[in-house]
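Shown below is the structure under consideration.
Chains here go by letter, A, B and C, matching the order in which they are written, and residues are numbered from 1 within each.
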Amino acid sequence: MTTGIETLGGAEQPVPVPGRPVPGRPVPGLVPGLVPEAGPAVSTTSSAPDPIDDAMALASELHAALSGVLLGTPVAVTTAVIAALSGTHLLIEDVPGVGKTVLARALAAALGAELSRVQGHPDLLPSDITGVTVFSPDTATWEFRPGPVFANIVLLDEMNRTPPRTQSALLESMEEQQVSVDGESWPLPRPHLVIGTQNPVGQLGTYPLAESQLDRFGLSTSIGYPDAEVETQLVLHNGGRFALDSLTPVADTDRWERAIDATARVHVVHQVAEYAVALVRATRSTGSVRLGASPRAAISLLRSAQAHAVLSARRYVTPGDVQAVAVASLSHRLIAEGSGGEGPVLVGRVIADTPAPTT
Amino acid sequence: MTLWQRFVDVNRPGPPEHSVSLRAASVAALLAGIGACWTEGLLSPAVAALAVLATVVGNVVAYRRRANPWPGIKPILAVCAIGGFTWFILTVTRTATPGDIATVEAPLAVLFAWVLSTHAFDVPSRRDVTYSLAGSTALIAVAAAQSVDITLGAWVLAWVACCVWGLVAMWQSMSETAGLPWRSLAGAGFLVAVVAVAIVAILPAPQVSTSLAFTSSSANSSPVDSPTNLTDGNGALPAHAASPAGRTGVGGFLGFAKSLDTGARVSLGDQVIMRVRATRPNYWVGQTFDQWNGQSWVQSANPVNGHRTQKITGGSPFTIPTYPDQVAPLSSGQQDIQTFYLATSGPNLVFHADNAQRVYLQTRSIYVTADGTIASALSMGKGTIYTVVSDDADATAAQLQAATVPAPADQIDTRSTLGADEQLRYLELPHPDQRVTTLAAEITRGVANSSAGDPHTYGKVAAIEQWMTSHVHYTTDIPPLPAGADAVDSFLFGARRGYCEQISTATVVMLRSLGIPAREAVGYVPGPFNPITDLYDIQARDAHAWVQVWFPGYGWQNFDPTATVPLVNPAPGSVLARSFGHALSRLPWIPLAVAVGVVGTILVVRRRRRRRPATWTTQVAADLSQGGARLGCPRRTDETLTGYSRRLSLAAPDHGADLNSAASLVEQATYGGIEPSADEIASILTFTRHFRSIKPRRKRRPDGSPGSGGSRGSGGSRGSDGSSSSGHDLARASASSNEAPAASNGR
Amino acid sequence: MSRRGSSSTPKPVPTWRAAQAALVGVATGLVGVFVCRLLFGPAAAPFGIVIGGIALAGGTLLSWSAHRRLPLVASPLLPPTLRLRHRVHPVAWIGPVAASIITLIAWAGVAHSSGSGWVQAIGALLGAFLFVGLVAPVWPARRAHVTCTTCPSDGRAGQPMELLLQADRPVRVRPIHPGGADHQAGGAQRGSRTVTLIVTPARRGLLDAVVVEVGSSAPFGLLWWARDVELPLPRLLHVAPRTSPSDARFEQIDHSTGDAAPRVPSGLGEPRGVRPYAPGDPRRAVHWPATSHAGKLMVREAERPTDDPVYVEVDLPRDRDAAEAEAERVMAGVTACLARRQLVVMTTHEATGRVVRPVADQIELGRRLARAVPT
């Protein structure tokens, strides 16, 4: 049975209702020949397509492409699509070997974007990320060699093994969309997406990210171990390499950037914004949270909800969208002391305790 | 902390009080007290106005300077207080009459007003304002001590309201709340009223203590020249009964003239003549008549007990001499103290209960007749007050039955005698009437005459009384007496309808015909008892005529076939309960119930209307919730409408498509700003209206979790088809059909 | 009285409570007989006996049910010596009640012997005012509902902190544990309002509930009735110990040398010398004087900071005051280490067992010490 988008984050959520069917794509189950009516008609003529419609198309194509590569992980796929659409950075907390790199590769391939990969280790210097100015004796000038951060998609593995100075260098660059090396600023390419990964905390010798740094990441997810059936498929198909190699890009960076802009303009009404803010405020006074989510989290939550609405082929954000992305958007910002994994539970409790608007 | 330090600490002034409401209430309570004192005549208008001015100005000044009160104010106020006390003591020692506390109350009121209005200048903190508020109680109490009627109630109500307001304002200031505390005020006022009424109902009526309150004062009086004629309140002669131009030629109060004409027909009203505070209710006699001429009772001009009317001089208090027929050595000897407050001007008679011993009356002299009539040398104007101390000579039935038995010679008290000529006087009849004698003998035949010499006087009197009660109809509506007819004859052998005069006259005539000395007495009987003031309000129609019979050892005893006077003052509680029940039964119940019903309906309709949702979206949401609650899945607070509709469609698969499309349309309208057309809205509303009263199926499905579509595949696919099955029109009409892009074909 | 733990079986009613109920019932019955006699005459005396019987039964029942409905659980984190009075009780009642009784008796004497009914009526009103003022606050004191909506998650002993309470009517809130000043829940007449309560915990520890006395004196403010309420906090509150002057044991590390030297919190560390430029060195590190000497690029070299952690073992003695003092010393010392950017690994004993973990910052240090219990 087609169920559409699964919710992100693992808590039981109802399936959201998407809007109009995607033009040009047959929708199984619907009576053929039914013409969609509401909203401005989608014209298939030569006039420039509505940017939001284009974003919706991009979203569904991206989702399909990624699902083809990553089997059995709908949550991670959806979160990645939403991160791409909203232009916020993605944090993946997971054990090694479940496909984080594959996800990043697939995303880059699908979006026609450049991918750079940085492996974190305790000796990593900030210049290894941002780049260095090198003195070239031939020309007797200082040349800037850009570091791996100058790519559309940056995959930073094992962030919690990089020393704090390197972490802050990367995160500063994420925030400011530019890199400062030796007094000169170099802008980062647009669009820019950082995928950071963490091993589960608790080991001596790691440098866990502080809350203010984790706050820079808009969404968090984890891929997790696949179930037996899927794992068998993976093993049979060489870990999805074939699918990855045969992945055709569904967009280029321009289309991606336009989609990000269009997503940011999705209609948000007052009640939905209030609901998002209510959720964020509720996280500040619940459980044993050291510090709740910041106002930046509310902005990010709303952006992610907008992306979820686009993914659901709707031109407006509903509270259901906010609920769907809340766990992914907030759980990494609320690290309570003690064991990890409390984040999603806390957010689930906050969602259950906060009344949702109906009208 | 030493005692001195603790004393200083307790008396340290608190922080300045900012609440204007509390101060206003305290001022208002003081004004109520001053107003009450002024109404009761304790403060002259000038003093009252000055006190009001001082209170208001003082409070304003104290409020302005509440943060830093002037330190010199306290010594000044102390000097003022001492001065006031000195003036009070001097005035009291100069003008007060001993045995009358009322003369102290006027200077006391002035002293209280002085102290309180000067204290108003130094009220910076909350405690001082509270003292001021409590001080108003003293003013109201002094006014209350003077009041004899219910008109003080207005001031008391005002004072109570101000006190409730003031105390609630004090609590508001303590608890730092703001705003008008309507509910607190109303609730507190109601509680106070209920508890006060309960306390009044339980407490016994106050008794006048012996030497404190022999009140007497004269007002609107003028001296009376004639020693024997009765005057009215203006001192004019003679006193008239009814209309002076009437048939009988007498006017004024019925009976309070030199003669009592039983032929006159007069109707008396509810006007309050006077108010009486007495130790116990009794017959308050004004005059007695000894001579009957067939039509009128006359006080004969012959001396009684060998004495003419005596003039007793010397000023208040007057000691009334006791005559031989009034001596009652066997009586209980209890004292009955009555105070009479005249509400209208009246005859210069001193009403009293037998046997009067002392009269406190502000006049130089009084006239005493040996038959028990006391007249004043000063006319009784409105506002006159006098007190009589009587020996309570009432005897019980048993005592009277024993009294007629001739006692042994050594036990006879020669002091208690009825002289021989007095006996003749009180047995005199104008003409013998055989019919009356026969009737009397017939009535008293049952009274045994066994023991020799025992005349069974009491039994005979009681028999006649009993006969009167059962054989005579009491009414004031009787035809006038025919000229020349004998009143008793035409009454007893005629219609047997009459009122107190006819009945008592007939009783006396019958008793005299049996050889029992009896006489007619006129005066007042106790009227309704006011439970608040504890006074009897005597109305004009309480004027009464009754019978007095002489018994050896007990003197003249009152008998009355028509009215009984209770032995003790009624408890205020029972009076209150009775009057409350009376008022309740007189309430117009039906109009009241109708009014309550109408008001209640209006309120309910208004509330219902206010609760109705304003827009169609809220209506749809409310209907869905209602319907879902009936199906057993109420909407959780954190559920969005589409999520809820999805859950509902699992519980009610028939309506699944309609539910989902309704929810998505609502969300589209609310969050997307895309309003569906009016037809669509109407069809949605029709559906939800039908849905909200959906009947739950007997086998209720549990809340299905999404994804368990296996066993309900048919229902699920029907729901997802949407337009192909029920709810066809709705799904086709709605733009958003319920499908997801088939992106997840990997599953 | 405070009750520890939950009681699932009702305890038998103590005899004194049964005697109290019987006494109340008898008194009410007598009053009922008296009132009935007064109001309805002597014939109503049997009716009064019936009322008295009902009052006796009712009073006993009330006393039983009131006894059973005492709240049962007190938080185990509250000190065991704390006695909570959950029932509504008057505060400092002797003064107002005695004054009222004396006033009424004096008034009754004067009024009764004056013979004036109005004076007696005024006295009845006075009695009503006093009665209502003394008794009416029981109702709001019983019904007041106070909850704690916001509290900080970390505090420090001896320092005041703010709790946000929500009260549904104007009441006076007085903190019992931990201590603090009275606060009035002012505002409007009806509706809920927010009270800011400032409490100062005296000792370190964990707090999951505070005890306050909620009192009211509505409507006349004559007498305060209050009851002790346990307010569960929305989150666990860790109270860190005070920072006493630093312990000498922590001072020694300052003087160590060599590899155990503490890390200096500067970007470059202690300078050590110069070395030739290697690609990737930051341009800022170029040492120009050395470069002009050597003829090729030379860059400064910094000391490698060391990263050895300081191991602290916290062993608290049994005595509460000594444990408090020890915790304060540890607090001061580790704070100093953290200020020097040193990695600290602390061993504490908690209720759940022994915990060995690094201490990241001041807040975590306070929490670890708040949770520490004597071995």
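The rule is simple: a contact is a pair of C-beta atoms (placed from the backbone, for glycine too) under 8 Å apart; a residue touches a chain by one contact, two chains touch by 3 or more.
Quantities reported herein were computed from a predicted structural model and do not represent experimental measurements.
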{"item": "Farthest-lying chain, centroid of Cα atoms versus that of subunit C", "value": "B"}
{"item": "Pair joined by more contacting C-beta pairs (B-C or A-C)", "value": "B-C"}
{"item": "Chain nearest the overall Cα centroid", "value": "C"}
{"item": "Inter-chain centre distance, subunit A versus subunit B - centres from mean C-alpha coordinates, in Å", "value": "83"}
{"item": "Separation of subunit B from subunit C, taking each centre as the mean of its C-alpha atoms, in whole Å", "value": "53"}
{"item": "Gap in Å, rounded to a whole number, between the CA centres of subunit C and subunit A", "value": "44"}
{"item": "Of all residues in subunit A, those that touch subunit C in their complex", "value": "125, 127-128, 132-135, 142, 182, 204, 285-290, 337"}
{"item": "Residue ranges of subunit A in contact with subunit B within the complex", "value": "1-6, 12-22, 25-31, 34, 36-39, 60, 63-64, 67-68, 71-72, 74, 267, 269, 271-272, 312-320, 323, 351-356, 358-359"}
{"item": "Subunit B-facing residues of subunit C, complex", "value": "34-35, 38-41, 111-122, 124-129, 131-133, 136, 170-172, 184-190, 216-222"}
{"item": "Residue ranges of subunit B in contact with subunit A within the complex", "value": "615, 617-618, 621, 635-644, 646-647, 660, 663-664, 666-668, 670-674, 676, 705-707, 709, 713, 716-717, 720-724, 732, 734-747"}
{"item": "Subunit C residues within the subunit A interface of the complex", "value": "149-150, 153-154, 234-236, 277, 279-284, 297, 358, 363-364, 367"}
